[in-house]
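Consider the two complexes below, in which chain A is the common component and chain B and chain C are the respective partners.
Entry: the complex of A and B
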């Protein structure tokens, strides 16, 4: 036993040397349980594919073998690496958990997306290579949904403008400011499913819905909020925007309140008009916050499905369909698990590419403009 | 039976259950029996008396029945259970029941019906409630992943291919057949429906067909009759008997008014409904597509080649397109739930194909405003019918071709094979299912809002309904439309093949595009056919052909 003073800033008391026997025991434990894990998995896989007759009823024993291996791995860290190993224990469970709950399902999902798996088929899952991908390339419903997503995402520019105006308003010295802050946040607290029923199915009901009555009062004789493709898409967009504008607004409001007062005062002293101080001072200073708000909003928007599924089921004629609502139908109504998973995987990749490149472009652009990183 | 007496008995029953649970034993039982209340289980109840009593709960015209009403009905119909199960026999048994929770009741009703059964037998039921739209996916996932977590399921015959074909259901014991009096079923619900490879699995609790609902006040409106004549239409102003006339009337009513409100003709649901919406195109198509000489109408039975793009189906789709502008505003966003409950029962539109729920709700539901002005008939016919073998339209010597659409064949209760290993659980599950499928309880379901239609020959006894408070003219009309559909020699019976809802779902997506004007009827129908072929290949063409033939009795 010795006090560690070098090589590590943390002064701990630990064994300098692990006995070879202890190290050997640790290694044996890890490799032994790993062998058990691999063996159970292989046996179960062979049994599943019908190559061997013996095996388990289900894959649960493999899960137990994984848990055993994970525990052994933790114990072995301490046996082999002593104090260092104990520190690894702080992270190891989280890493293993992420692997089992995120990485493994993702890989398994990737495998499923290359299979022909219709839940009604008596033959079950069959590997079919790139067939699903080829089917996707020629699937007009998927491409139509992707096209709709472009419209929905572009509408964020308008949402942003409204959110910014509201944030400026709530940042100003107005009466009952706190009250309005709470009121403007209310839509965000509602579930989109509630919004679709309350607004889409009740308030916009064409015979007795108050919005339909208002429309009639304003001179629209036969109001129809979901009748034509453009109006339907617009209505869905408005409902979604109504729910999520408060989210952008609150982020922008936080940005406005964090803005140094001196800069604005300096602009005032220099004789800037209100428009100038907004456009030349506030807006550029708010860009980092704005970009973060827009990026997060885009991620939200790409997941849009609930309102569409409830109100229009993608109609009329696919005009309001989103990728997620289409995948939902393909997967849920048609039990087409293989193809549905491929569509979801491709969409995930598209989102990752899109959001990453968006952030990197904005980052590069803002650095060049000298506004600092946007994250 | 008087309510207060009934409630006293219920209270006694509950206390009996508690005593049993505490294991108080025979002494307590003897004491109870000695009190005279034990006599409740005796066979003093004449069956006919029970039927009369339950039809008075709560009574026609006094609003929707409530949970306490369902419990009363359930308790009054316990006699067949008591004859086969002793009190507390299933103590400790827990059963999971998977069913629907949508607006036309189902599981809510079963809960009430089974509460007295639970109290009597000592079993406990755990409920798995599903929305109609989620039903298909939940069932398929359970089947495919081997995670059947329910013992009893409320299921439609179209799913038999998925469940019974895979050996997941429990075969019906003989005593259950006796208890539910299966011989009483209407013809089309008898085997092969409910059977698989010669074994019986299904307790029917519903008979399904689309009938034709119309508003009598429209066709008695003198102004409309005069306008009909003035516009030079042939024939009298009357309820259409053929789809050709339905089209003519719908176009005629466009822009007209009746009773101060906008008049509309036939209501087409143009938005999908998780696959169920396809039945409504089916109802328009069967008269064109179901030839009396050919049992098949949806696929070619030898090849599974879809017929959905033949001239008959395309004509049905074109019919919908032809009256799009005569429908209420925003119809493109109306699903069958909207056309049935929010439009027709709420007073909009004059003609509608739907399941029998419209008839049973018209007079007994709080939300219906059309109770006294609804008439019923079998689905309209057609002056000519398409012959798939010759590719020509035939005009029948017997007149228009009628082909009622036996859409969905009806709900049934099935017991899952997972109870087979446990004799007590097996008997409990079948007893619960048999209670729900009992002859008397089914009469109540047919007469009140339940989500179920008449499906037994004993349901067509008009005096029984009149005794319950139904108007004789109304009920005779309604029951005739049902009975005539069930017994029709040219009924179009849906294929009980695996994945049938996948076909319907993909068709709904394409139909939405047709209705939105993106394709012509023929182009859209061709796309549906191509998608159906793909599904058939994916599920397995050979097995689908076999099952389709079996379901048609070929």
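Entry: the complex of A and C
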């Protein structure tokens, strides 16, 4: 990431002379629409709490007012700041969109997570302080789900090894490379829900599924893919790996193809064997790409849920539960919004700590190894 | 006849050994490739063939059509998509088409929106320096990319409540907004790479010729960056089409998407293998076709950022 400390990469000279009337109009526009937004929000809130009879059926008008405010903020940028404002328009829509879609719900979620709120109970929500947190500490299923996430994340090492070997195979001098690349990419195109039916329910059907038949053929007399906790977890992991290995494979393949050929030839001239040139030339050169691929894979792995929800629903006995699928059921089966949200928030905090420490370790390590700020 | 004339280019023993080694290596490589190709392709093959099976064929685990079993339209008939039923009215087919259209509309609009917002932001960040409060360009980039680690479950429940208040629950617009948010970091990741690869001199020339910043962006930069945008768009499309979590929580009747329909079919009265197979096959077909036809864009998209 190229950090620009000073000035634009694309310089433009513009006569930024704004008339006072224009600036005033811009300010009036922003503040006027902001006033409309606040007014609708206040009216709606008062109506919600039953203080006044006047109001709308739902909060939709407030949303419209917000959109209006956002648009006039953009217009005002141009009115007030001219060329500079037009440049701000490149980033402003995305920033406003993400802030309104993430920051606001997160704050709202933080509030929910400290309430006792069950959608099926009639009492509505009420603030209960740290009760949810205490409940979490003594909830064995949540800790179990977190522990499973550790297993799932650790399994990425194996996925990485497979993806790397596939990338090496595709990078070798082979015929029909395009055919193999397309076929290898296919699992990534499939939706996890379809995969969980096609593979998890149908191919692993104990009586007649082809995988069960294969297992019997290989000597496993009573194949059961979801019977014991370890096997079930492994099965889920295999299915998830199957859909995501192509992703890492393609990134690694791109890295392999971008590698300078001279280095490999030099190694060959120096008499390195295949094995040596892999471990001492290819692998070190591929480290930055590998780290990017693994980092993205970890991020996706931490969201793992669809397959688990659809195949095992967490069973047997929570052995396959991921945090996401556990919270999903907490909401779906028990409508426990307050507690579920707290669990999700704690998970988010854990993820942020985990990912940032991982990144800082990688950064420090890469500085020492001397291949500067890539990855 | 004392001695044969010596062949100058005869294969020595070491040459032959090399040859043998080369051949065995080829065999090994192609075997490995073949095995993995089967692993990748077999589930798709199984699903498609199962949709043409009758109950006994499924139970006996038959694999090869015409050899093991004779294909029937059983599965597709139950979806109303077989040749005999395609012109008749079928409630199942209507249901399926409704879900299918929901998926098409939500994923297409979300991807379009994300590519528009994301390209603009990525271009701005790669060309100008901004300052929002304490945030500079690198902070803003990080802010966008950091959305990637946000697990959907954190947003799901607040959105459930918010959407209820906003009357956006079970609406396509609500789902589109969430999907856009979900793929935006990836689009920005890819497009930032694309734009920083385009030399600034091109736009400087355009500016000298009298175009504005936006004019230069629209007329000069966008056409060059188009392949990258297509790559970002297709990758977004794949993610949105396959999304299940938000759709399962936030839609019920009107806006239900295809993955939710597939997931809800596995229900109570035993599984109809053939109709499930037909449904799954229909659900994955669009993306499988896209994957085969537009493979190089998908690879381009995923390779962006991997190599710098």
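List of remarks:
In the analysis below, the second predicted complex is superposed on the first by the 277 of 375 C-alpha atoms of A that agree within 3 Å, B and C clash if a C-alpha of one lies under 4 Å from a C-alpha of the other, contacts with A are read in each partner's own complex, and residues count from 1 in each chain.
Rule of thumb we're sticking to: a residue touches a chain if its C-beta (ideal position, glycine included) is under 8 Å from a C-beta of that chain, and two chains touch if they have at least 3 such contacts.
As the structure is a computational prediction, the values presented were derived from the model and not from experiment.
In the superposition on chain A, no contact is made by A:73 with either chain B or chain C. Within the superposed three-chain model, A:329 lies in touch with chain B and out of touch with chain C [touch as defined at top].
In the superposition on chain A, A:87 makes contact with chain C only, while chain B stays out of contact range.
With both structures placed on the common chain, the touch criterion links A:317 to chain B but leaves chain C unconnected. By the document's definition of touching, both partners, chain B and chain C, reach A:58. Looking at the shared chain after the overlay, A:207 reaches both chain B and chain C. Judged by the touch definition given at the top, the superposed model places A:145 against neither chain B nor chain C.
One of chain B and chain C touches more residues of chain A, and that partner is C. Once chain A of one complex is fitted onto chain A of the other, the partner contacts of A:282 are absent, as it touches neither chain B nor chain C. When the two structures are aligned on the shared chain, A:37 is found in touch with neither chain B nor chain C. Once the two complexes are overlaid on chain A, the chain A residues touched by chain B in the first and by chain C in the second are 58, 207, 331-332, 337.
Those residues of chain A that touch chain B in the complex are listed here as 58, 116, 118-124, 141, 205-207, 222-227, 229, 232, 311-319, 329, 331-337. The residues of chain C lying in touch with chain A in their complex are 29-30, 32-33, 36-37, 39-44, 46-47, 50, 58-61, 63, 117-118, 120-121, 123-130, 132, 137-138, 140-141, 143-144, 147-162, 165-168, 177-178, 180-181, 184, 188, 196, 200, 203-204, 207, 212-214, 217, 238, 241-242, 244-245, 248-249, 258-260, 262-263, 266, 271, 273, 276-277, 280, 283-284, 287-288, 290-292, 295, 298-299, 302-303, 305-308.
Touching chain C in their complex are the following residues of chain A: 1-4, 6-12, 57-60, 62-63, 83, 86-91, 93-95, 97-98, 101-102, 105-106, 108-109, 112, 165-166, 169-170, 172, 174, 178, 180-199, 201-203, 207-210, 213, 242, 246-247, 250-255, 258, 288-289, 292-293, 296, 299, 302-303, 305-306, 309-310, 323-324, 327-328, 331-332, 337, 340-341, 344-345, 347-348, 351-352, 355, 374.
The residues of chain B lying in touch with chain A in their complex are 134, 136-137, 140-141, 143-144, 146, 161-162, 165-166, 270-272, 274-275, 328-330, 332-333, 335, 342, 348, 498-499, 501-502, 505-506, 509, 512-518, 535, 538-540, 543.
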